[in-house]
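The chains carry the letters A, B and C, assigned in the order they are written, with residues numbered from 1 in each.
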């Protein structure tokens, strides 16, 4: 059985990626075609012509008005996936229709429902409001990963690796040294992992962007909603500066690091990343710096996880890992993902 | 079971490709060595030394007089495949012999029989006489296809794709819009597909080569003899100009477009193409133009079919296509090919 | 069952390759980490962190003092493979230990035992003393081979291929033409193949290095100790010059050509090669010439064997080779290797 949960919402793209040209992306093994109607709505339908399976995202396929025309024999489909014209005859077969996918544009992402469409409920899509809030400035990107999505979940749930894999960027000795606390909301299906460092070295990522020098308070509060959305609430402040009693926190810097972890296939992943900050909102230099730094950090992860995927591909069956305290969050995430995958019912297998 | 018919003739090469150097090409999964004797005859034998399977087409293997010498240990074979010398001893093992393939050079092609050699009958090789006729001038080539041969059969039997995939070269709106007529000669095993456009736009391919401008009559008469030989009899004339009662047709332009569709393996194909014309016989500019145009068109097909092969490789089992009227010829071809494959008996499996 | 014998010593590297940086090499399918302690001892342990399998030879993993630190989460191991530190907690799990491999540095090679460590006996490692003898000068290297190790064994046991594959370097007509004598020491497990050419052309490899011109005596005495060590005792002398009655041989040139044949995986091989000579000891020009020549010869073998591996990958099951007298040594080697593989017991499967 696949380890990828179905009957779930996944981020397929940033809204900015979808325009008036056909755009193809594979999500959970399903090739999906996206394009935007003249009214601006994002469509999502199967990226295979019903006739001879030519990808509708592939040139010379093209969008004309509110229809997409196959580049092989000219089968033409409307925004709902229904075929409206075929070559050499006026009658269009009744069954000629592309599978349509429920799609929602929200928080800068295009979300798509994989599985039984009858179960799709847009109200259950997890939120990342900072990415489109005027009170935050966001930089973002996506890196392709040649590794199964579970390896990225492991990676992000255990930030002790920052000290080793991301030293000189976001890692300092305190991250690996400081114990974590983990909580699981079984009903909501959310994993929380917190690491509060009250007296820590300030890594370049935060020193250059906030202007702080010397020791800092650094709080990392992870909130992972399997399968797709990961949020790291990062709080940076001078030592001893705490949030006020009323909940406001004007003397700290807040960075919301958001990942969308989308399986492309069983062994490849779309690694969407975004960094939203509530300071230096109009400072392009800070935006450029954080974008370059975070992309570098993501590519360090990509290099390591691509290696791990190859390692797994060549290791004998029954290989055993050894887990310790830092893995509590990752193991909880695996458990929730396995539960979701076991409950999957919808769509093609 | 393989979808590739055996006990059949296939085009392995153009005669011009075979000379006094060893030449290797795989046909229907069988690696075959070709070379030309001093008398000019094309030989065809297994491209694997009987000793340690080194390919005899691979340097430093070489042809010396009328023998081929293996580049690994020097096993030496005559034009009939019989081993005549081995290293370190004078006795040559009696069983040391390369499998020989029936081969015929005809109509510019080298045909080779795949299957039981006892069934090979050169008289049954389908003909394409224009390719060597003094009344025609021919340009030709071969493009490797990373797709199963059936996808190329589908492609060539349904020319409605010219409008979309080859627009600006040979495609105009009328090709996709005009219905076809299909006939199958079950006994001879030939599929005929005709599309007669009596008032059509003249595509650049024919406008520049014939000098016609404005509207034209354009007749496409396909004759496919599975598995290998495909002929498109193309007739271009000013509107209203018909062949005469005596069968002559002096006021039309005739182009014979010939494809040899040769499986290299289950998933790759040799796509031989030739364009013979009965006009502008000595005009090198027209030859250069048609060669460049047709090669471009073939490469557009190659790009599309290579994508389809990848699509098939990743799709779930049981995928269903939808067929319409334009597919009548292609479906008939599939049926004849399946019948041929089911009747195959000869040679290795 | 694997064709690779276990419970055997294999050459993993030259000693010069191992220093204070982590060095990874796969031997018989097992990824092994090597590094040298401050005292100079070569360590050998599993190249997979016990935590999340990150390769310890992969940056940013690093050696610090006499420990190796994983580049992913910082798990730290001593020279014996025992884990001594983990992130986020002071207690180190008792079972956290890398598999250690018996390793011996000898005759310029690092030998490693693959299989049951209880059976490892360093006294049984075959010797190649010339490679570190002050009476010889040695050039050496290693070329990666994309072919199973058995193809290299075949190649080296049958030197008749020198005439064809290595003409112009080490091959002359006499090699393929001269019969061999083969002996097998079943108890010691050694295959001997001898070819004594008493009146032979001098190939460039020996002409330029020895200064001999004209005809030569050329003796090739192969001694192969399966699975890994192959020695070719090569004696070059003017015609009629024999070793003296006391066993000394001052008027001949001696070259010891040593190969270590180490399976990397079932289908790839490390091809270690060394050429030791007892003449022109301090002549850098001769060293450079022999190194360049032998590397070229090895790369000719690599090209041929890489082709053979691809041939085998695509041939139908049950393919039959034809063997003749020159193959006697190679067939004996295959038999000893099969016996070793059948007796293998140790380690992972």
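The rule is short, and it goes like this: a residue touches a chain if its C-beta (ideal position, glycine included) is under 8 Å from a C-beta of that chain, and two chains touch if they have at least 3 such contacts.
Note that this is a predicted model, so its numbers are computed, not measured.
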item	value
Chains in simultaneous contact with chain A and chain B	C
Magnitude of the superposing rotation for chain B and chain C (Cα, nearest 5°)	120
Classification of the chain A:chain C interface as same or different, half of numbers criterion	different
Where chain A and chain C are represented by their mean Cα positions, the distance between them in whole Å	48
Numbers and ranges of chain A residues touching at least 2 other chains	none
Chain B - residues contacting chain C, complex	29, 31, 48, 50-55, 58, 60, 69-74, 86-89, 93, 95-96, 265, 348-349
Touch list for chain C against partner chain B, complex	154, 158, 160-161, 163-165, 167, 176-180, 304, 307-308, 311-312, 314-316, 319, 321-326
